[in-house]
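In the two complexes below, subunit A is the common chain; its partner is subunit B in one and subunit C in the other.
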Partner chain A sequence: MEVSPSVVWRNKPYRYRLEVRRCPKCGRAFREEVEVCPKCNERTERVRMAGRGKLLSWAKVCQVPEGFEDFSPLYFGLVELEDGSRIIARLTDVLEEPKIGMEMEAVLRKVRADGSTGLIEYAIFFRPAF
Partner chain B sequence: MVGIAGWGAYVPAYRVSAEEIARHWGADPKVPISLGVKEKSVAGPDEDSVTIAWEAAMNALARAQIEPSEVGMVFIGSESKPYAVKPSATIIADALGIAPETMAVDAEFACRAASEGMRHALSMVENGTIRHALIIGSDTAQGAPGDVLEYTAASGGAAFVISNENVVANFIDAYTYVTDTPDFWRRDGSQYPNHGEGFTGEPAYFHHLVSAIKHLMDKHSLKPSDITYFVPHQPNARFPLKLAKMLGFKKEQVVLGLTTADIGNTYNASAFMGMTRVLDNASPGDLILMAPFGSGAGADAYLFEATDRIEEAKGLARKTQEYFDRRKEIDYATYLRYRGKIKKLVR
Partner chain C sequence: MYVCGAHVTKVGRHYEKSVSALAAEAAAPVVNACGEPDALVVSTYLSRFQDSFGNLGSLLAEYLDFKGEVYEVSSGDGSGGAAVSLAVRLVKAGFKRVLVVGADKSNDFQSKRAVKDLQTLISPYESFYGLTYAGAHALAARLYMSKYGVSREELAQWAVVMHENATAVSHAQLPFPVSVDKVLKSHSVAQPLTLLDSHPFSDGAAAVMITSESSPVSIEVASASAPLTLAERDLTFMESAKMAMEKLGNPYPEAVEVHDAFSIAGVIALESLGLAARGKGLDYLIHSPRRVNPSGGLKARGHPIGATGVYQVAEAYFAITDGLGKLGKVSSFLVHSSNLLGANTYLSFLREV
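Moving on to the complex of A and B:
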C-alpha cells in the first residue's frame, strides 16, 4: 500500500488545517503531535497557521516521483504566511510562471491517489491569490 | 426565522470549449451551439468533488460568520464521489474544523441530492435539532467521450449555511415532486452515465419542475411577475429558458442565475451555482424562486426572500463571477489527461 492509512490519519491536523504544535517559550513549531518541546521542556500549544502569505521561492519539478505522473509538473513553494511562519508546500493552479512576492492562499487539494483501489491523500496546497 | 445565512461557490480554473470538443470528434458544431454552452469548467488534476466542496463551503462559512464547530450537519450531494464507499462529508467536516460533533451525510439523487439536504436542513434547524447546517452540491461531472453530455458536464461546487442566525435569505416555503422516471442513470461500477434519449426533456425535466413550481406558486397565490429571480436546474442553457417561458417568466428573471451558460452544468451545483450568483447581486426584499431537479427523477421548488443582511455578507467571500473570470483554456488532450481519461504508460 503506497498511501498508509495510519500516516494519512496522523497527519490530518497539519495537512487538512495547517495546524501545528508550537512551543510558547522558544516558538518552535512542530508538524507532528509533539506535546513537549524537546529544547525547553514546555508543553506545546495547538495553533492554526494563517491561510495566506507571500511566495519567497519556488521550484518546478518535471521528473516526478512514481505515483505523481498525473500531476506533472509539480510546483513547490516556500511561503511566508501572514503570521510569520515559513512553510514549504505544493503549489497549484499555476496558470502562469510564479513570481517571487506574489500573494498565495491555502486550498485543499489531492496529493495523490493510491492506484484505483487505495486511499486518496488530501492536503493544503497554495495557489496564487486572485 | 430559518433561512440561508451564508452562500459560496467554487469553480476550477480550466475551461475546454465546445468548439474544441466538436473539432476533436469531427462533430457538427451546431450541436453545442444549440445547447447554449460555449465552454465548460474542468477540474484540475489535483481536484475532485471533495476539494471543490471544501472551497465552496469555506466561502459559505465566511459569509455566515459562524464558528465551524457549531455546524450540526454536513450534507454533500454528488454523483462524482471520489470513493464509492467512504464518506466525503467526514473529510470536509474534518478539514473545515467542523468534526467531530456533527452529523455527516453523503447523498446521491443525480443532480438534486444536495437539494434534498437543503430541505432536511431547513426543517432540522427550524425545529431546533441542530443550530446550523452546511449543504454542499459538488461534482466533477462525467460525460463519456463522444457523448453529447461531454459538451456540458462541468466541474464546480456551491454551498449554503442554513441557520436561524445571520440570515441573508428567509425561507418561505418549499415543495418537492418525485416519480420513478428513467431519464438518466449510471449503474454501479460503470464509469459514465446513460440517458434515455427523448426522455430527458418533457417527461423528466419539464414535467417535474413545472409540477413542483406551479404547486408552490399556486399555494402562495404568486404570479411570475411577483418573483425577482427564477433559478431552475440547468442541464444546458436552453432548457431553463424554455421552462421560464412555459411558466410565464421573462428572460430578465432567469439570466443572472443561468450560470450554465458561462461554465456548463455542474450537476449537484447546477441550480445552486445560479443561486450563488443571484445572492451575490440580490437586494433586500427580492423574492427568489430556486428549483433544483435531479434525474430519476425529482424537483424541488423553494421560495426565499433576501434580508437586509445580504448587503454586508456579499463582501465576506469571493463572488461566483470572480471564479468564472479566472479561466485558462485547455485543449481536448489536456482535458482528457486532467480528468483521468488517459494515463501515462511509461515513466
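Moving on to the complex of A and C:
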C-alpha cells in the first residue's frame, strides 16, 4: 500500500485547502501542523494561502517516478500567489505551453489511487486562470 | 587538519557488488596507507531505499574489524560533504585519525525506482504529487534562463565541458565526449533539462582519511544552511554556498569541484561561491574549463548520491598530490557539496602544505 490513510488525513488542510500554519511574529508559514513556531515560541495561526497567482517557472517532468506512469508527463509550476507567498504545485489543464507570468488559479484534482486499497489522494493543483 | 590518503572505486553500474562490498573496497587501501583510525564516519543515501538496509556504518566496521566509534551521517545528496565536515571536526576535537567512507547504490532496480527514491530528498509537501529531483532542477533552470537570458544551447556547454574533462579520468562513469547538438537531442528528463544535462545513476564508494598528523595536504571545512522547501528560496542562487564561502574567508582556489547533479546546479554553484558574477557562471566555465570539475563532475564522473562528496574530496587530494585528469597538478582545490540545490552546503578547501 503506497497511500497511507493517516498521512492523507493529516495533510488535508494543506493539500485540499492550501491552509498553512503562520507564525504571527516571524511570518514564516509551515505547510503542516506545526502548532508553535519553533523559533519564536508563538502559537501559529491557521491561514489560507491565496488561490490565484502568477507563474514564475514551470517544468515538464517526462522521467516520472514509479507509481506515476499513468500520469506522464507531469507539469509543475513555481507560482507566486497574490498574498506574496510562493508554492510549487502540479499544473493541470495545460493545453498549450505555459508562459512565464501567466495568471494561475487553484483547483482540486486527483493525484493517484492506491493500487491495492483503491484509496484516492487529492490535492490542490494550479491551472491557467480563465 | 590534513588528508593523508584517499581511494575511490570506479563509478558505474556495479551489479556484482553491494554497497557494503564497495565501501570495504574503498576503505581498506586507505587504512593500510594511513593506519588504523580512531573513528569511522560513513555516508550513504539511496542504498537505504534500494537495498532496504540502513546500517552500513556498522557492517563496514565489522568488515574492517574496526572496534572504535562509528557514525553514519546523512544530509541528502550532500551526505558525503557532511561526512567529511564532521570528520574534520572530530579530528579538531582530538581524534588522531578519522576515516570517512561514502558508498552508494542507484542501479539495483530500474531507473524509475531510483527517480522515486530520490524524491525523498524533497519536502513531502512538494514531492508527494510527483515532483522529482530533476523536476526541481528544471524549475531552477527555466527561472535562471529567463532571468539572465541564457539559451538552451548555452546551458548545454556545461555537459560538453564535463564530458571532455571526464575523458582523462579513469574512475569516471561517462568518459566520452558529447556535442551541444547531442545534449539538445538527448531525450527530455524534465524540460528544459535533457538526459545529458543530468547526472547518471551511479554506484560507487570513496574513502579519505582525515588526520591531525602533518601530511602534504591540509583541509579546512565550512558549512551553512538555507530552507529545504524549494518554494521558500531563490532557485537561481544558493545562499548557503555564499555563507559557507564567507566562513572560509572567500579563498580563490586553483580548481574547484562543484555539485552539478544537473548542469544548472553547477552554473548556479559557481556564482553562489563568488567565482563568477550572477548570470555569468557559463562564461567562467568557458574561460576555465579544466579548472571546473576536472573529474567530469556529477554529470560525467557520476553521482553515487551519498558517496559523491567523498569522491570530490578524494579527487581534490589526487589533484594536489599526483594531478587529476586534464587539470594536472595544483596546489589548492575547493570542493562544493550540496544537499538539494543548496539547502545545505559543505565546503572543503584543500591545500598543498
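Criterion: the second predicted complex is superposed on the first by the 128 of 130 C-alpha atoms of A that agree within 3 Å, B and C clash if a C-alpha of one lies under 4 Å from a C-alpha of the other, contacts with A are read in each partner's own complex, and residues count from 1 in each chain.
We take it that a residue touches a chain if its C-beta (ideal position, glycine included) is under 8 Å from a C-beta of that chain, and two chains touch if they have at least 3 such contacts.
All figures in this text were calculated on a predicted structure; none of them were measured in a lab.
Once both complexes are superposed on subunit A, the partners subunit B and subunit C fit side by side without clashing. When the shared chain is aligned, subunit C comes close enough to touch A:Tyr14, but subunit B does not. By the touch criterion defined above, A:Phe76 reaches subunit C but does not reach subunit B.
When the two structures are aligned on the shared chain, A:Leu108 is found in touch with subunit B, with no touch to subunit C. By the touch criterion defined above, A:Lys60 reaches subunit C but does not reach subunit B.
Contact with subunit B, but none with subunit C, is seen for A:Asp93 once the two complexes are overlaid on the shared chain. Taking the C-alpha centre of subunit A as the apex, the lines running to the C-alpha centres of subunit B and subunit C meet at 150 degrees, rounded to a multiple of 10.
By the document's definition of touching, of the two partners only subunit B reaches A:Phe130; subunit C does not. Touching more residues of subunit A than its counterpart among subunit B and subunit C is C. Between subunit B and subunit C, the shortest distance over C-alpha atoms in the superposed arrangement works out to 7 Å.
In the superposition on chain A, subunit A positions 66, 69, 71, 90, 111, 125 are in contact with subunit B in one complex as well as with subunit C in the other.
Per the touch definition, subunit C reaches subunit A in the complex via residues 111-113, 115-116, 119, 123, 125-126, 128-132, 134-136, 138-143, 146, 187-192, 229-232, 235. By the touch criterion given at the top, residues 13, 44-48, 50-51, 54-55, 82-83, 91, 94-95, 97, 322, 326, 328, 337, 340, 343-344, 347 of subunit B touch subunit A in their complex. Of all residues in subunit A, those touching subunit C in their complex are 11, 14-15, 31-32, 56-69, 71, 74, 76-78, 85-90, 100, 111, 121, 123, 125. Interface of subunit A with subunit B (complex): residues 12, 16-17, 66, 69-71, 90, 92-93, 95, 107-111, 120, 122, 125, 130.
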